[in-house]
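As written, the chain order gives the labels A, B, C, D and E, with residue 1 at the start of each chain.
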């Protein structure tokens, strides 16, 4: 259904970056990727592979975690963005939805959404309109608009974080683990929204996901990251058919999906990581 | 050279006061060095060390300077004095604490190394009451006196004496402690406004003085009936209050202002050549004069010690002998260019505190100066002597000292 | 590779739980102790003892105490000065009431009394958290100082409210009072510091320590997995106050010799000790020593540099000293928010990799 | 059913261990749990599912004593549990993991897991201060137990690492280890597999099954991955907006229309 | 009569409380915006007041240092600046200070734990204290921007006519109350209803998330520290007028802490209400109980009073509820 859209213009380009935390912990060991305009690009990989780090490197949120990009280059629309502060980047249209939601606990849901529009200059009316749009996508948020975000459930917070990002009218959203902790229906719903936003508003997505299955269903192109390196990439379609991906990331074998009850009788081992 | 360390404080909550005192102290020795080439031919050095009125820094200063042949210490802090009393008696260096420190150190039998002439806190309390007696024709019966004091060892010093005096003279005493630094004194002054005491006596230091005078003015307490100890009677305490402070009184044990012949020399040898400490912004102020006076007494003691020992490069122990033989007569003061500046100081082996005389000065806001309004007055030794004996003997017992002399 | 961990194998869990699991560290530590006990006492003079080493050791004890409460158990306290005052006044009352009992026992008892007081003032910590608690501990600070100032019984009814330490001896050596030698002062403080540091180390590596840290890192989760917050917090307050009380007792009896509650144990003392543990490193015993050394030495060094070497006027030097110390505190926090202890650990980590950068 | 039942794969499930009766929990005006009753049997793997905000985590918090329900009773091993502090509940033999990992970030992995054993260590403060006698013996003995768990969960190589630095998946594993260290009767797991990839989920499943099998630990888990829930659990409770909308075997639940519409969306495989 | 005395104490307590609140407000602002407990607030007030006096009197900054270094004698420029203009200039200096603090300190400490930031502000307090002294000298300075001081005769006469006892109220306190009311209204409006106010609260909750939505921490912090600097200036003027500009001014921070604690660290109205309660409580306690226990109870009683409130409301009267979830 989707193609890889190789012909599209490249919006975001990450070129062979290395990231070090605390001056000693080397986490990314040369990651390169490119995100085409208007596409959904997925960044897949196990825990600690470096997905979050990659996204933070792009959005320049590493500093506050004592991490830094020591090598390589990142450019957006051909312009280097390594040393740009996050606010400028947001104004340029790149916004990140952080892993673990990070809502403003003491602000109400609505106030949270409004902070998303912080960088906008197009007036209160436009902002109200987008607020309605977000409430349309997430009716649950409308119900809870007056509650403090700290007291809402995990799913509600995830929606709030997504909605907040949308409020900035972004061009590119860096989405970190949107499905984590969400009920299956909601996961589906969130990805539908991603798709809708992608198609309807033309927003480009780079999303980091553990849930390979669903990510590859919605993404156009995928990168697989392991231990700070890209080990495989390709159009989503192709990745889904790849036997290794099938086995290690989708949990399928030749006989179809295995029951989790049987895990005690077998064990997967990643070939390329030996 | 003769080394007289100057443990001063020019920072912290009392920095404004400490600065002036330290300047006066330095300048007098500079004068001696410049005019007379020192004392007995020996130049005097006053290496300064900042204590910030903090006891631990005081100890550090003491330790760091005592090795260089320090002759005497004058830390201008009751707290530091208490630290140093045991130390100086072990190191055998005199400690000179004019008008502050441990009152019972007047008893030289117990406090071999400590001197606090010309007057101590209890002398001050007694002189203040005496002054009030004079004002009331010798009778304070039924009068109400409030004591507003710095809530610390320093401020608590006069309480015992005042209590004894209230018994003797029949006045009632109200004690109103104020926590340092003392910028908030509303409740105390409202209490004064309600109780309407006839007199208020104050034992304050730093910002507390000025706030108290301001509050007294606010509630329209008559300034003439408000008397501070000598540490509550300098320009910094009254000037910020302005006109309203007019008439405020304070004790002092030395003269003020620049109407003394010594300032001719001071100008010629120190101020005009630009040798004054900090450039001399405070010359002639109350605290400056007090610092200078302390220096005068120390210099006289050095001179005496040189006479006694026959050497000009005296040791700390010899200086103690100098202090114990010290006799600064009015004639000698006049000779120094300070006629009638202070009371006669005569110390002996058992009396390290002199006569305890002090006088009252009053602030003239319009002229911006202090006027002396009484003569030197003798304190009520009848009350004080037993108190001093009692306190010093208790200390001797606790510290295991056998009285000498 | 100067610094090696590899090849240093443990064969039992006991070995692995040692204070210094790495042999190189262990030998370094023994060497420092040997020098401290066997060499320093013979070369020390009264300046070094009174201006540097004795305050350093005493503050290190206080810092360990506060570190147990703040660094390990996560309860920020600004009441250290008040608790030190409890130790000081307790030892004073004990010394003067029971002159025949050895001073060491008095000092330990003073610690115990402080522990009890600490527990009392620790009670609000069950409800109050974070900075609210920090500010609440100021209630202890101000109240205790006021109490010692107001009740004459505490200062044996002396005229000014000052307390003065009488002479007491250990095995014939004076350790308090004017006749005390520099090395006696130093040695008694050193002994207390070493023993207490060892006890602190034992506590923090064992179960109590873990409970404290659990409360610190996430108090709700800790309670749910089984930590009783009442006993954990109060035991932290007790142990911490015990240490702080001993520091207060030593500060008064051995170091200062005389003290007055509001002057010697004011709020500044509380802040000073807090600085020490933050600069040194929260949750680190080594850090407590490092922080104490830093803040005791730095002003002395600066003073010597500015006044003695450069000959600046003392007031200017004092003001600039404030600026420099303030700026250095900020600088250190920026370079390594987790304190000197972490800086040291990072250095070791780098040495381990040396000469390779990663 | 009073004395248990046998699962399709032949495990014997015992009598009711924990019984929740008519629990209602309110926060201010919000009713997070509305009159819910269900039980957990000895040796069983019990799943709780439901949409976000349904009150699942709140339910777990009620069980572990962190939230006190306004109404309802909790029976444990046939006795009614009075109001209890969370740490007292823990002493009854309940251990749990948390939805948003609640490890002690400043401590090493080993110390984190050791905290799980705190109720087995009773040396006095004094003995611990001197590191002598009981304290030392206990420490060594418990360390051995913990090492077994570390081996079991295959986290030997990170023993000394501060947990703050670990990647998410490993943190979850350490949290499990900490809970296991307490040797609980009931293990409560709040979304143990959130944010994991298939391989890690498989590992986690293996651990859960092994624990259940080897130690006979009763397990209650909240999980959003239906594959896991359906494969692992013996019985499933379904919650929606604080109500219970289903309770039964995975098959029963899977085909319950109310559950499908409220939670699953489409009938799951 | 006794009742009238007590009410006089009470009213004066309320007034004193307002003076504490002025200092507390600065703390609240910064805490709200950055979760930083700014210990330097008191010193900022001192610094602002010193600068104000320095500018008004036309003092040469760093005069002492210049004199010491070059052996010259500079003290004054020889001009004086009128009060209002000087206040404006001082406010600018405080903005400059805010920028410097952000650039040199806060920027490098993004995302650190609160206690680390707290420490940094203590370092800052020391630095500023030293800087103030070096710049303007450590002498006691008289500050007079034209605020009246002393007993308000109107109040005295009116109450005397009504009640037969003339109440004492300091005119300076009345001014303080008016200024505080205006400040609070303005600040509440700002933080609750403006975009920047919302952003400020967002930053307080989660630095990283705020960054991620494009809020510039730099800007917010400079803004908030500037406002706090301005509030410090106001507090400095009031306290400086009351008792001169000198070191002890910085210690009023200690009087503001119980106020904060009681009102809640994050609540602007809380700072006022807390101040009123503390001021009233400590004065009444000193008045009634003080004489029985030897007096000087105010310092600790303020803290104990706040503590008692906290036991019932751990987040202070108006503080944000501490969210406890697992």
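FYI, a residue touches a chain if its C-beta (ideal position, glycine included) is under 8 Å from a C-beta of that chain, and two chains touch if they have at least 3 such contacts.
Just so it is clear, the model here is predicted, and its values are computed rather than measured.
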| item | value |
| --- | --- |
| Partner chains that chain B and chain E have in common | C |
| Neighbouring chains common to chain B and chain C, by label | E |
| Of A-E and A-D, whichever chain pair has more C-beta contact pairs | A-D |
| Centre distance in Å when chain B and chain D are each reduced to the mean of their C-alpha atoms | 74 |
| Rounded Å distance between chain A and chain C, as computed from the means of their C-alpha atoms | 48 |
| Where chain C and chain E are represented by their mean Cα positions, the distance between them in whole Å | 32 |
| Set of chain C residues in contact with two or more other chains | 146, 149, 220-221, 224, 313, 315, 319, 322 |
| Contacts with two or more other chains, residues of chain E listed in rising order | 64, 133, 138, 294, 296, 299, 325-326 |
| Contacts with two or more other chains, residues of chain A listed in rising order | 151 |
| Interchain contacts (touch definition) - all pairs | A-C, A-D, A-E, B-C, B-E, C-D, C-E, D-E |
| Chain E partner contacts - residues on chain C that touch it in the complex | 70, 76, 124, 127-132, 135-136, 138-139, 142-143, 146, 149-150, 220-221, 224, 267, 271, 274-275, 278-279, 282, 312-313, 315-316, 319-330, 333-334, 337 |
| Chain C partner contacts - residues on chain E that touch it in the complex | 37, 64-65, 68, 104-105, 108-109, 112-116, 118-120, 122-131, 133-134, 138, 254, 257-258, 260-261, 265, 293-294, 296-297, 299-300, 303-304, 306-307, 310-311, 314-316, 322, 324-326 |
| Sites on chain A touched by chain E in the complex | 59, 61, 63-65, 85-87, 89-91, 95-98, 102-107, 111-112, 114-116, 118-119, 148, 150-151, 164-165, 168 |
| Touch list for chain D against partner chain A, complex | 9, 27, 49-54, 57, 99-100, 165-170, 191, 194-203, 205-206, 209-210, 224-228, 231-232, 263-265, 268-269 |
| Residue numbers on chain A that touch chain C, as the complex places them | 20, 22-24, 26 |
